[in-house]
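The structure's right below; bear with me while I get my questions together.
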């Protein structure tokens, strides 16, 4: 198939490369030229503007947030000129409110719309080991599913309403942030009590916490290695804000989500936006009077 | 070896049976006669009083809390008459303060002392699949380690100071309670948004949350099956109190632990002490206005 | 002077009547006719549309929130046809973000703009005993100050930037909500311990808590009289949202504000939007297992 | 009357001086000699040991906490030798659990027992402007009331059970700590938004927050004057712990009390135990990235 692709950041580049490797023709566009050149070197076609990526069978977009989709024009302008029959797969983690807007706009222009946010960091994207969560009308899902399946170690269609995939993703991200917070408080307590967090996370993640989230973040926290960001704190902050917006809209109070969000605000206020979001654990350590 | 065993509750019964199966002679005592008779049927010797369990090479105790150890006399009276050379393995989750008291008392009476709290529910105890965390003087550890290894799928010695094992255990329990809280808030949000928590936990626990804690409690929460308690809420409440006591003593503020503790108080106040501690999730649902 | 007035709700009606009593000509408009007729009976002129209220020296508006100002057209459409030289006094508690938008729009149309939110309930508005907080360009303030002074027992100009008055007001409302939360938790604790909250609030508000906020809400809480709303919970919820929006924008984490907001969400979710916002205290009581 | 007095700290010295000024004979004892000499200079008699203070009609004690009462022997040893007919007025803020113990012990020795904790800082104690909260058996209250009335601007007997006065006091202290937390978050938000907290607290405390608590702490917070402690942070921390202990015992979850307690732990962990407890506000400022 002929596949359009918009957004070649850390995640998008890996995903697009996987689609190429799957034998598809990929017409890609990116705001900055570097990543685009890299993908062209792997066989992709460079689109002169974002519009050309919509002259395809399916267009994927992997952009940072609501604003980035608006900047590119995927909330309307690009769609207006797109061919009917196209399906747009939006892989961004967007707000519930914007997800609703996108759904209506695509419908108005007769463009298929699937929300397909993913779990996983850039290395998982490159390796095709993401967890892909899709939602959309059955006919649209049927069109895009063969490619989505290819991108991830896990794939699930969670409903006919694209918003459901966004809610799913937002909720999953909340769970990760909550796990980080709990590991951070745990590590601070252990350090104050003379027990090595390295040993603690090693034991726990080989027992009842034997999950990637705890292995990855337990190691970062035990090593206090927050400077090289796998996932930037500013993005975690954005996601925590999406969680609270969903909690407010759906009237489901989430005190733990609120607490994590406040910790993110603090981290932003003290200038840690570029650190890994696991730096929430450093705040927990500082609250305990630990200097580093 | 000749092994004493005090405390044949849900956890203790399984552990003692495993020691028996390992080919050791077990002299057991329990406050109520039923579980003792059951163990005798498997080959154990019934001790007339708790004191006789200390006329052995190693005595294990698996009691509910600080108070239960005091009631039996393991904080002094029993030790006073015990033979020097005995090692006591205390498997209870006790407070840091009481752990320090026990350590001193055993030293004063010349009795070896190992703290060996475990992670796992009664079925894991019965199956020898616990995670066993031990701490104590190297010579004491060397004596008891062959048996501890036998009881669990995982075993780790985390330091020479018995208190360290208790801190480790308390911290681990906090992580579980925090995970339950996060799952509860997640499930409430999803339900308000029309996404099935069963699907959510199924996907997440087959991806980056693929750990027993999330599989076990995700299922309980998705099924809202809190009435048959695998681990009673009143015990979770106790453990949350131990976490906060440790946080206070070590001066490590733990806002998430405080929040969970407050939720436990609420659950106790509304009469849920006998439910599974995953009923924290039901509080989250009720806060969102969900009736069941 | 000739004064326009838009918005004759519980607060606006009292304020407009005071302006009338001050000897000014008042041209008023209200969405529903009842309150307008009542004011006309006191000597006001009924404007056929909101536009005519801007054909005056100063136009006051007292509307519920950002959306109500937009519905009426005070974010642009009405201003476009207004005479240069007019000053608009916006008494609504609006978000910081919308306050910025209003400021720009008024400037673009050459209309003076003063933000003048107030503290006080409808009875204080009627009695001219509000606390009036104003901010705006000195020339605009000078024009409107004589009237603002007349409306309140207290008046303060807090800066040259209208946004500052809104931030001031939002922060003050947060303080009230926080006081309510603290009184609610206090009352629940006392009731569980057999001490009468009536006595407690009586003593405290005659000593170091001798302030109207504690007298008013202490009585409501001690009497558990939440059904007749002096200030609706749904409005308190709105204000708590404004606080969090300001906290986010200004990067000042406010964990207490977040907690109060979550409690408001819970109150909304269980259907208490029409109760007095002091019903936060009823949540505290229910969390303690108290039935009424 | 002949009055004994134990504990001449900042509060006790002022109270004892007031009793002297009321025309009573005062037999005083203090651990360190300086304050005792100062009181003797005002006409008091120095007791050679604490025991002699109980050879009086009424003995007052104003000690720091549970432990200080135990150290002096007021939980038993001193009472054993005291004359029947004596009434002990305990002005300390003690835990609910210890209050129960004291009540039993006094009864066992036939000594009257009144709990009479106070609100107010040392200057109010010296000026006889405390708020005095008493509870005890009516006959005991009748004996001591004339003196208690003399010590305070406000006096209230809140019940026949001494524990009720302690719960009352603990709850009142919680309200103050909560007010400080709210003022701290408010000040941080305002500072980030360019509004002067001095102006804010000035306006608010002349309007609906016109209470001593807000005037005193609003000024400290606006001035960021935490180094000269009117009430030490370590004592605020102790009181917050008493609140949580009462909340736990009475099963009344108090999330705001828990939050404040965690902030106190943080302040202790970073070494602020000697600052004024209003330094909670400095934590709020630091969380917002404000340096001083």
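Points worth noting:
The first chain written gets the first letter, and so on, giving A, B, C and D; residue counts start at 1 in each chain.
We take it that a residue touches a chain if its C-beta (ideal position, glycine included) is under 8 Å from a C-beta of that chain, and two chains touch if they have at least 3 such contacts.
For clarity, every value in this text was computed on a predicted model and none was experimentally measured.
If you compare C-D with B-C, the chain pair joined by more contacting C-beta pairs is C-D. Using the average of C-alpha coordinates as each chain's centre, D ends up farthest from chain A. Distance between chain B and chain C, defined via averaged C-alpha coordinates, is recorded as 53 Å.
One simple way to say how far apart two chains are is to compare their mean CA positions; for chain A and chain C this gives 40 Å.
Averaged C-alpha coordinates give centres for chain C and chain D that are 37 Å from one another.
Listed for chain D are residues 247, 251-255, 259, 266, 269, 287-289, each touching two or more other chains.
Residues of chain D that touch chain B in their complex: 241, 247-248, 251-255, 258-259, 261-263, 265-266, 268-269.
If you check the complex, the residues on chain C that touch chain B are 255, 266, 269-271, 287-289.
Chain D makes touch with chain C in their complex at residues 96, 119-120, 131, 133, 153-154, 156, 158-159, 161, 163-164, 167-168, 171-172, 174-176, 178-179, 181-183, 185-186, 188-195, 199-200, 202-214, 243, 246-247, 250-257, 259, 284, 287-289.
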